[in-house]
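Below, subunit A partners subunit B and then partners subunit C, in two separate complexes.
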Partner chain A sequence: MPFALPIAQPAPASPRPPAPARAAANASLAAAAPEPMGFFTDTTVCIGCKACEVACKEWNQLPARGDGGAHLEMSGQSYDNTLTLSGDTWRHVKFIEQFPEPYHGRWLMMSDVCKHCVQAPCLEVCPTGAIIRTEFDTVAIQSDTCNGCRDCISACPFGVIEINHVSGTAQKCTMCYDRISVGLEPACSKACPTDSIQFGPISELRTRAGARVAQLQAQGEKGAYLYGADPTGPLGGLNAFFLLVDEPEVYGLPREPKMPTRNLVRGSMLSTIGAFMMAFVGALSLRARRITEVQQASGPKGE
Partner chain B sequence: MHPRDMVHSDCIVIMGSNMAECHPVAFRWPVQARMNGATLIHVDPRFTRTSANCDIHAPIRAGSDIAFLGGIINHVLNSQRWNDDPFFQTFASMYTNAATIISPEFKDTEDLDGIFSGLTAFTEDPQWPYSGEVGNYNPESWQYARTASAGNGESQHNPVAAPAAGGVRPAAAPAPKSWDALVHSLLKPPPRTDRTMRDPHCVLQILKRHFARYSPELVEQVTGCPSEKFLQVAEAVLRNSGADRTTSFAYAVAWTQHTDGVQIIGCCALLQLLLGNMGRPGGGIMALRGHAAIQGSTDIPTLYHSIHGYMNHPSAIQPHDTLHDYLAAETVPTGYWANQPKFMVSYLKSMYGDAATAANNWGYDWHPKIIGDHSHLATMSAMAEGKIKGMLCVGQNPATSLNGSAQRAAMRKLDWLVVKDNWLTETAMQWKNGPEITDGTVKVADIATEVFFFPSTQVGEYEGSFTNTHRMLQWHSKAADPPGDCRTDTWFYYRLGKILKARYASSTLPRDEGFQHLLWDFDRDPEPGRAPDVLAEPDEHKILREINGYQSADPSKQLSGYAELKDDGSTLCASWIYCGVYPAWDRNLSARRIPDPPGVPGAELNWGWSWPSNRRLLYNRASADPAGNPWSERKRWVWWDKSVPNGQNPVTGAATAPGRWVGYDVPDFNLTLAPNAKPKPGAIGLDALSGTDPFIMKPDGKGWLFVPTGLVDGPLPVHYEPVESPVHNQLYARQSSPVFKWWSRGKPYNAIAPVGDPRFPCVITTYRLTEHYLSGAMSRWLPHLAELQPELFIEIGAGLAQERGISNLDFVKISTPRHQIRARALVTNRVGVMTIGGKRVHHVGMPWHWGWQGLAVGDVTNDLTSWVGDPNVSIHEGKAFVCNVEKA
Partner chain C sequence: MQTSVPDTFFSSPPHFRWLIVLYFFIGGLAGGALVLASLMRLFGRAEDRPLVHLASEVALAGAVLSAIILTVDLTRPLRFWHMVIQNHTGLPMFKWWSPMSVGVWGLLVFGVFALVAWLGALADQGRTRWGVARAAANPAVAAIGAVGGMAAGLFLAGYTGVLLAVSNRPIWADSSWLGVLFLFSGVSTAIAALLLGARWRGLELPSTIAWLVRFDRITLALEAIALVCFVVSLGAVARALVNGWGALLVLGVLGMGVLLPLGMEWRPRIHGAQRMALAAACVLVGGFLLRAAVLLSSEQVRVLGTHVIR
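Showing the complex of A and B:
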């Protein structure tokens, strides 16, 4: 039953070691916490319907762009009028037309989202501790603690975060924390008619994704591979990983997503100190700017 | 077939549909089939989101579908496999009319250069000169050749009851106790057949001659699809058909919206019957319907030409004067339709209740009759001539509909217009800020129409049932009260009916008796546990119970199925096909939500309820071979189990022979009719069919490759060019269908471009996007949808863009003989140039979701389209016409 999606149920603690970035204070919680959860997005069955984009906005009460959806112009870039993930758009469906001549080529579609990195740069740099790792091993921003400093925006190698134009704080996908905490699956995967987006325990998703790659390879789709599924890969693996059939850059994804820097003091630690020493906030912003510079110098960024 | 069943297909051809974009939820099944190894094929002028998820995309010019399908038919008929494999031969000779012999009078398009025998001159009816007809066929020569022996030894065809216009008819007499005698009198001698299928007049031989010229080369010439690509498709379809494999086709309005739309679908049915892909799991033709309940709106029709359950509407221009006349003209004596008197009398009881009696022919005379084509475009054509005073426009947006400026002009001639919708649509506002008002050609002060607006509920604000494309009724609950004065359409019509009944209560005019006797009683009773209804909405359950039907003498006794219907007035049933959905006062089967257990083969029989009789796969007797065994283990669905005991005959008490049709689904067959059963001589109804006649709604129980009755434009599909085309027909001298509909012919607002008009060199098709719905009346007002596709665009190929100096996102002007509009150019190689008959033709396409109201606004694409259409169903040709594209 490939279409029977598992619904998140509180499950025994994962055998996986706690993510390195997990705050020490969360360690005791982790023992009783559910398994790490994530998204497997199989782009080969995406039909570009944008149901995920809309379901996400509806559930999370995100605003339409522009003047409440009015007076907007089309982008002219295939059927993509959203163009980027942002504080208002937490799922974004990309359309990549590859047609060297009329009627000859292919049209790739991919629903992009926050990768919920196992070693999340955004979380690392956040000076206020607004970005947390949840008991599901996902990454979430707490709006009430975010001071809008934008550090995370520059730190994310995938260009996921932006300031939400209503709240004025940094926002991104929470993997529907409110839904999964009560055993529901996130709005996007629930709405996806073809199960291009699958939600579930990471270990299970990895097995399923591996089998799907093997199936596609056997059916002749030799270019099929997984992006971000490897726990030994960049950023400790991505808890939202993808099945792709072309180079990562084609989808606007960095080939080697990197932590902004390795030799700086971890942002999360700083943020702990920062919580006591508000006077240091200015200095932290300065550091964040440096991180940005390092990142820009070090090559490709998402989108 | 139904979407869920597509998961059983080994090959799926999506043609005349952009399924992934327009039916994204149903598309999960083709996706799953493909994961299981099925081949997915999209045949379409554009490479769309559907093509992106298919193995093969075959580009064809809009309007050339029959040439493509005819090519596959020719390929199949000439293939060694089809001629050698006993599966195909048995299916064709036993289950279709391939072996039936057609009247020697019949002349094919091959003989008459593009027309069939029987074409007659046509004169418009002066009483209703808006039917748009340009020609007429007399189908007499298309009939089966019949044996000399009369009616299986029974009575001759009754000449008095024959549907010959102007014939002498008996004076209205009280209805007989049973209509069986009438049905018997309609019997004809059985058709002649040649089981070897070698007789030159048998259907198979006619087909072979008819399709012989549809070679791969001709397909390429007419459709623009390279012949290798075409052959790839034809081979995949043939390879994936047979005892062990099934292919399905999916279509939507890109097949219907043509001047020969019904014939395109018929052509596919012909191919699927030849390949044995009917009545079998994963086979068939998926008719993708658009709205959530559009299937329901033809079952309980909003159509002008039929009444509930696909019975023809009584008509003043047919021999329908009395109920006897109507039943004599409409009843087919063999096959299940022989029961039409039961359906009709029960229907009339649902209309007029106790007032309908045998003495007054069950109130037949009170029933309205049509006087011609009253479809949308015919009505608009009459409105344009000032013949229509008022219009109720509920859930429809004609201001953005076909040849939109002509429809807006027609509506400006109304005395009154009622619009009931969720928002102030273009139709509600055309008098105030329509394009003609804003450009100054019309002044608001000159419009005399009084416009009323009724705000509507949304789906979560009321309960009721949807009937989806699977003929499945699914009940939905109410989640919230509607805001303000918003009310359901049911409320609107129920109130209107009550008001009209009160108005006519004291009338002495015979024509008003129908209103006086109308059974109109759906008031909500106070129910314990149910909140008092402040909205005065009628009781949806009462409506569905009446549709299901009950014993006339005791409304609490619901009918459990249409086998219980009687023609003596003792049963009341609005729609026979829905009989069984509400089999007891408190049992609403459409509310069931029990899925099959995982891993167990089944048809999800406890989820909702599908008409007829909860069958999920129609004509499923064909899933077994003539002896009643599954054709193959892989395609097992319904079969004959000779060991099932049948107990005693309830009347005689004698033991009955064992044996029953069983399977995963409800068998679509007489449950105890053994595979080797022969027709009963002189019998009517199902008794006239044998144990190997799966198509029980057909008089001969066969799937019709050749269609002797029921179509007005010919018994076989023929490639005709769309009415507006860049090229001459490469098959015959006849350019377009000789009988297509052309409303407001000769009027300047409905001008048609001549063949190959150099002013309009591009072929254009129109379509929908996932992000919007129809005219946008349910989507352009929603911020989260408006932002996804904010502007109207035209998709043009890079070649055309270069020729015309157009860059991506430039504004361009698109023109047809009717109108011109502006849109952004979306330059893409997903559409492009084709070679048609040696001529380079640019193909372009436009979505038609926009109008000037709402959040996302744009010009009305339909202003470009015309009022021409299919003669069988009066649907317009909005999918293929010609235009010009210039930089604005």
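Showing the complex of A and C:
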């Protein structure tokens, strides 16, 4: 089962303890629960080596793109031939080639990955419960539950999730749940030769990222900022956040990612109003028909 | 440099293609058919019954077809039951805030009401003496079934639009009008299907047909308004429709599927039965094209790196 995510089985049911014992148990569980973990990706030190992509594929036993590697697909528009995250590419180093004229320009590199959103759109809409939040505050897809309805694909504002054609289920980065649950670092950050990808507790990463932004700005890179690090920002913050030096759209990121349920109330209300209109107009027109026919039937008699 | 790519353009297309287009069309039509059957049963007369029976058949066939199409469209079809039962715990799976989860349960409930309506219709026609069917034909049971069937039918006809809106895809998530648009379209396509079905079966029901045509005029007018509201509400994203799909939406859906039949139905006695059948066929084609244009226009939008592919 190369694509199955190992999920801890629930403990066998035990008699419910009395209230004070429950409170004590909850407190000890909270103390034992691991801290939220995540990635901080500093794009300014990414060299585009794609070691993270390879390490991810190797650890997670993901196939090569397309037909399994028999034919190498070339993008034809970039030195980057991966182009996008997919069901079998959970890490993707984007090459943003900003060359308005030959010899004058720059390369931006960004190792893209699932953002493990604090308020995860994919988890919210998943109708089978296949998408779960782990004890590390990361978001994972249980491959044995997913039935491939693809609702999560349209819900993800970052275009992260895709169908893996080997498993036939939706797949994405698990933040190497199998590695971090035994105290190991995810394969991608372990392989990163420049520490562009850093893994650790979110609070620690945010502090480190803030210091790095200050350092860059002091050195003259005034455009440096953090994308997704703010816990009060869109989606409650991202557990995989980035240091960028250009607009989010340049990196293929939405400026303000949103929850899909933002349209739920308004869309449902409009539909409900429409439904009442249909029922009301239908009933009224049938009543009107009856009245008209009764009048027509009684008309000649009255004359 | 600030680009002006809308936020919804960075999501990936979920590969909702022709099977889903077909399901949206059939589901909407089936929902509308049960709404019409319920209306005629609750507020109509005994003369309307042949059309109530026809509508019940359409609704049940639509429910069965919808379930089959949705199952086949899954990439792991044998796991279709994960939508209603949690595979790890055996408990019911339901999320009221996920339109797909609610929709699956809605289709299930709709199927039950469509079955009750169909059994009642069978007993009504004296085609069965089965106790359950006779119970379904009991006036009190039939009335309760009609009220529930109307609610379930209206839900099934409209929820698919809300499902698309509760996403992060361009066009779908950029408007809240899809649900109501699909609802009106579902009812109008059901009316068209009943008009054609009645003609095909040779049912002589002048009063019922005249009511259907009157109701269709109102529904088509509402559909036209909802379609305009949908396009206007897209704002800047409407530029994603400046292509063949947009042309299809204007010419195929609004022109052929709404305005042309509306004109033809305006004076049904002048235009004659054949023209009415043609108008009904146009409504059906327009309803199908509406789903195709809305679904597939968004499906083709994808941002790869910094390149917008359309």
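Going forward, the second predicted complex is superposed on the first by the 231 of 303 C-alpha atoms of A that agree within 3 Å, B and C clash if a C-alpha of one lies under 4 Å from a C-alpha of the other, contacts with A are read in each partner's own complex, and residues count from 1 in each chain.
By our rule, a contact is a pair of C-beta atoms (placed from the backbone, for glycine too) under 8 Å apart; a residue touches a chain by one contact, two chains touch by 3 or more.
None of the values given here were measured: they were computed from a predicted structure.
J.: Where does A:Pro102 make contact in the superposed view: on subunit B (first), on subunit C (second), on both, or on neither?
T.: After superposition on chain A, A:Pro102 lies in contact with subunit B alone.
J.: Applying the touch criterion given at the start, work out whether A:Thr145 contacts subunit B, subunit C, both or neither, answering first, second, both or neither.
T.: It touches subunit C, and subunit B stays clear.
J.: Should A:Ser78 be classified as contacting the first partner (subunit B), the second (subunit C), both, or neither?
T.: both
J.: Mind working out whether A:Pro260 is in touch with subunit B, subunit C, both or neither, as first, second, both or neither?
T.: second
J.: Which partner, once the models are overlaid, touches more of subunit A's residues, subunit C or subunit B?
T.: C
J.: Tell me the contact category for A:Phe158 with respect to subunit B and subunit C: first, second, both or neither.
T.: second
J.: In the superposed arrangement, which partner chain does A:Ala130 touch: subunit B (first), subunit C (second), both, or neither?
T.: A:Ala130 sits against subunit C, while subunit B stays out of touch.
J.: For subunit A, give the residues common to its interface with subunit B and its interface with subunit C.
T.: Touching subunit B in the first complex and subunit C in the second, residues 78 of subunit A appear in both lists.
J.: Contact residues on subunit A for subunit B in the complex?
T.: Residue list for subunit A touching subunit B: 1-4, 45, 47-51, 53-54, 57-58, 63-66, 68-70, 72-74, 76, 78-79, 81-82, 97, 99-109, 193-195, 215, 219.
J.: Going by the contact rule set out above, which residues of subunit A touch subunit C in the complex?
T.: The touching residues are 10, 77-78, 80, 83-84, 94-96, 121, 124-130, 142, 144-151, 153-163, 168-169, 246-247, 249-258, 260-261, 263-264, 266-268, 270-271, 273-275, 277-279, 281-283, 285-287, 289-290, 293.
J.: Using the touch definition from the top, list the residues of subunit B that touch subunit A in their complex.
T.: Checking each residue of subunit B against subunit A gives 20-21, 24-25, 27-28, 31-32, 35, 37, 47, 49-53, 57, 59, 598-599, 769-771, 782-791, 793, 797-799, 808-809, 824, 826, 828-833, 855-856.
J.: Touching subunit A in the complex: which residues of subunit C?
T.: 1-3, 5, 7-16, 35-36, 39-40, 42-45, 74-77, 79-80, 82-83, 86-89, 93, 95, 97-101, 104, 150, 154-155, 158-159, 161-169, 172-173, 176-180, 183-184, 187, 207, 210-211, 214-215, 218-219, 222, 226, 302-307
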